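The same chain A turns up in both complexes below, where it pairs with chain B and then with chain C.
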Partner chain A sequence: MSLMNEKEQRIAAIALMLFGAAAMIPFADDGYYLSLCVNIVMYAVLCTAWTLFSGPTHYISLATAAFFGIGTYSVGLGIDTLPFPLLVAIAAVASGVLAGLVGVATLRLSGVYFVIFTLGLAELVRQVVTWLQVKFLGSVGLYVFTDMTEKHIFWMLLALAAVVYITGWLVNRSRLGFALRIIGNDETVARHVGIDVARAKVILFMISGAFIGITGAILAPRFAYVEPPSAFNPVISFQVVIMALLGGTGRLWAPLLGVIPFTILFDRISASFPNHTSLLIGVAFMAIVYFLPRGVMGLIDDFRARHAKSRHAAAGVPEAAE
Partner chain B sequence: MNSAPLLSVEKVRKAFGGLVAVNDVDFTVKQSELIGLIGPNGSGKTTMMNLISGALKPTSGTVRLAGEVISDMPAHRIAQRGVARTFQLVRILPSLSAIENVIAGAVFGHVRAWGDDAYREAEVLLERVGLGGRGNVPTGSMTYIDQKRLELARALASNPRLLLLDEWLAGLNPSELKIGIELIRDLREDGRTIIMVEHVMDAIRSLCDRCVVMSSGVKIADGSVHDVLSQPEVVSAYLGTEDA
Partner chain C sequence: MDILVTGTVLGGTYALIALGLTLQYGVARIMNLANGENLVLACFCAFWLYTAASINPILGILIIAPAAFALNWAIYVFAMKPLVDRAKNRGQLEIDSILATFGLMFIMQGVMLLVFGGQYFSYNFLSEPVRILGENYGLNRIVSLGAATLIAIALYVFLYRTRFGTAVRAVSVSPQSASLVAIDVPRMSAFAFALGGGLTAAGGSLLSTYYTFNSSMGVIFTMKALIIVIMGGVGDVRGAVLAALLLGLAETAVASLIDPGLTLAATYTLFILVLLFRPQGIFGRQTA
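Moving on, here comes the complex of A and B:
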């Protein structure tokens, strides 16, 4: 079996060009648009990492804010004493470990119980961090002063996005990826063909959590002043779910189709209606769930299927013909 | 060593609260034996299958596979030891293609394969169960018997030491039934060890070396098919006692 087939090589080439083009953005604009692009890449990473786990398993995790905040705090606490790359690594390990613990404790729960647990977890971690800070550091905030600017953050996020996509691609073609597709279809069958269902889910949840933690770490210099409500902001958890569902969770790159329009929409809404942001986000969310239950990707698939069908009909080929 | 049982079920009991679904049942299955597990509805046959495959844990008693205790293992480990099964209500993986459904059985189970090897073996198995060349057909559009065939191919993909067929012939029409019986006979000729839970008596008579009869969770008979079916306890379990 070759490393990549022709179609994959073509996709890789296109992806490489897009990444190259994206890397040039900071040279074109250093203000508003770069800032918007940082948001887009950030959410692209978060949503793709979220989808790595939640796509195949159908477990809706609202723990994004917990992992993100752990990452931000790893940097905030250590920035004066340790080099930044090491802090990013610590962020990855810390959030990966947290994801592992949560996974072991909760992945036996299914459906709504898992959702509620992860939501509660984010809040719990936030409260614990606040308490520890007040108790041992005497203040709730941390200053993160670095010489990193928006464009450095952008490039780091872009590199991280590349790593996330490559990881996702490798997982999808591995036994682990295949196991998760089976689990997503029918857990009982998965167990009876020899899959350690709990282990597969925990491993993937850890990978997903670690990437989210790294994102939080990279974003820390942007905050400059880190405090629990901003680092563990539950809105991040919800937005990630909304955007990923808007894009679709069936393919690795599908969340991107939700991230780009939604980030721009969110930016417009918060600029024009700063007092009604939540309301409009809520309306957008309901509209997505109602009109696009399978996301933009679902629309594209439907369109392709129709197109293929009409082509068949035009050629007079009956569909059942062998 | 060949005469030692491949599977031995020893005083296995399963209680759901106050209801004892399987009540201290013992039986053994030898290598290459095909046994029928029969009994009226609700007699505990499917529960017994679930206890062997690890879907349920026994309340007490042990199940051994080739001497090794498997009744305390989780289902996936039992599958890896070489127990494969089909389900009473057919369970297909709908978003996977037919051939992927078969490969699913080969990747994590007893004898493992991955990549091109798994693909080739899956094609052979599809051919074997009568679905040759249909590996890319969407599973949703398959007929009931084809889905059953697919499930059987998936169970065979790991080359299991013990195959559990839970009413695999149920719901088939007479001509499909003939095909199904031939398929199982083929597997027996290969020397595969099989336990089949079945209501179709023709199949039991023509296929099984031996059968175990359960009624209300208790084993009431165990022996050659002809002997067992003429025992008065078995007759009354199926038809009721004369004075009832």
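Moving on, here comes the complex of A and C:
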């Protein structure tokens, strides 16, 4: 068995080129567009990590803000004493552990329980963190001063994105990924063929949560001042769900199709009509459910299928006529 | 003692919201995450009726609840019914309805933010003190507890003592079998969804008499209501009431004994305990 077949090698080459091109962006612009690109890569990582778990299992996780905030806080609390890479590792472990605990408590039950639990998770962690800070540190805010600029954050996120894509690809090829696809299609069947359903789901949720935590940690220097309401902002959970579903969850790179347009749109709307953002989120949810249930990816697949059919028809008809 | 009374009052209001949600989820099979917004909308309506037309909020329920009933009927028929018809199985409907009601929640919240802004609202209604067992309580809280109790009893009598109510419960047990005994399942679902909305709105107008509210607090109430529904067992009226009282008491106890900022932590502790030990609800029966 070779490591990659020809098609995969081609995809890998294209991906490598795209990543190389993206890495050049900071040299072209250092202002607004770079900061927009940081947002895009950030949401790309978050959405892909989200899809890693929610795509095959169909569980809708709203815990993104909780993991993200934990990552940010790990850096905020330790930046004066520990080196940054170590803090990123701590962030990954902390959010992974939280994901594991949440998973063990809720993933054995049906999807609704999970949605509800994760819906409140960010708020819960925020309350606990605020309480601990007031009680033991005396103040709520934390300063994060580093030498890192937008550029460095962008490169780190880009590298993280590469790691997430490679992880996703490896998971898809592994027994775990195969097991998850079976679980997503029919959980009863999965249980009957001897898959430890709960364990598979918890492991993947932990991987996904750890990546989101790392993203939060990398973004911490950007905030400079970290406090609970901004670190555990619940809107981020919803944005991630919208973007991922808008793109489509069937394939690893599909969320990207939702991330790019929605990040730009959201940026525009929040710049010119700051009071209309929740309306925008609401309309986006409705639009996805009623018009794009399989995301942009679904549209592309439909188009391809129709195209292939008409090509077959075009090729087939003259032969039949002869 | 103070904790007991305040907690019970809070629990009484939670009970109405949770009963609304348990009807919507248990009978109509729609997990309505916009229920909290429904509640906040009712708060604003009660506020507006009281300040603009000086209509007593308790009597205002007679206007607000039917209006919410009509609104939720329309939501069910126009927004949820297509999803119900489209869904191939229960899981698909669950995901679709969660996403759609999230959309609804953000739209309602966005509209309320535009109309009322983000600031907190409250008004004075019956805020004279009454003495119960040596402690002072606001009359508005006691009155709203009384009203909530009456509404909950009326609902119980309706569901368990009338023919129509029995039909509603039959749909909640099994939609397929219900249609075999000539129950119009789609109509019953719409009715239950609308009734749930009406109950929540009634809870909202009661809440507004003693609580400061703003446009974006709905989601917290939705969450608490959901937790109550799960704790009580989906579709179970007694369970929901008991769980609501439990939650009200636990929250008040934590807020006054430890820290007011940790109410959600209290809620979640209860939630996790229920999930781990009785995932079928307090009174729920073990299912396969």
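We take it that the second predicted complex is superposed on the first by the 316 of 322 C-alpha atoms of A that agree within 3 Å, B and C clash if a C-alpha of one lies under 4 Å from a C-alpha of the other, contacts with A are read in each partner's own complex, and residues count from 1 in each chain.
As a convention for this text, contacts are C-beta pairs under 8 Å (C-beta built on N, C-alpha and C of every residue); 3 or more make two chains touch, one makes a residue touch a chain.
The structure presented is a predicted model; accordingly, all values stated were derived computationally and were not measured.
Legend: residue contacts after superposition of the two complexes on their common chain; A:Gly120 is shown touching chain C, with no touch to chain B. Of the two partner chains placed by the overlay, only chain B lies in contact with A:Phe178; chain C stays clear of it. When the shared chain is aligned, no partner comes close enough to touch A:Ala94: not chain B, not chain C.
Of the two partner chains placed around the shared chain by superposition, chain B is the only one that A:Arg191 touches, whereas chain C remains out of contact. By the touch criterion defined above, A:Ile218 lies against neither chain B nor chain C after alignment on the C-alpha atoms of chain A. In the superposed pair of complexes, A:Val289 makes contact with chain C only, with no contact to chain B. When the two structures are aligned on the shared chain, A:Val164 is found in touch with neither chain B nor chain C.
Contact comparison for chain A: of chain B and chain C, C touches the greater number of residues.
Within the superposed three-chain model, A:Asn275 lies in touch with chain C and out of touch with chain B [touch as defined at top]. Of all residues in chain B, those touching chain A in their complex are 53-55, 74-77, 79-80, 84-85, 87, 91, 93-96, 103-105, 107-110, 114-116, 133, 154, 158. Those residues of chain C whose C-beta lies close enough to touch chain A in the complex are 31, 82-83, 91, 94-96, 98-100, 102-111, 113-114, 216, 219-220, 223, 226-227, 230, 259, 261-265, 267-268, 271-272, 275-276, 279.
Chain contact summary for the complex, chain A toward chain B: residues 1, 175, 178-179, 181-182, 184-186, 188-197, 322.
Those residues of chain A whose C-beta lies close enough to touch chain C in the complex are 58, 60, 105-106, 109-113, 115-117, 119-120, 123-124, 127-128, 130-131, 134, 234, 238, 241, 245, 275-286, 288-290, 293.
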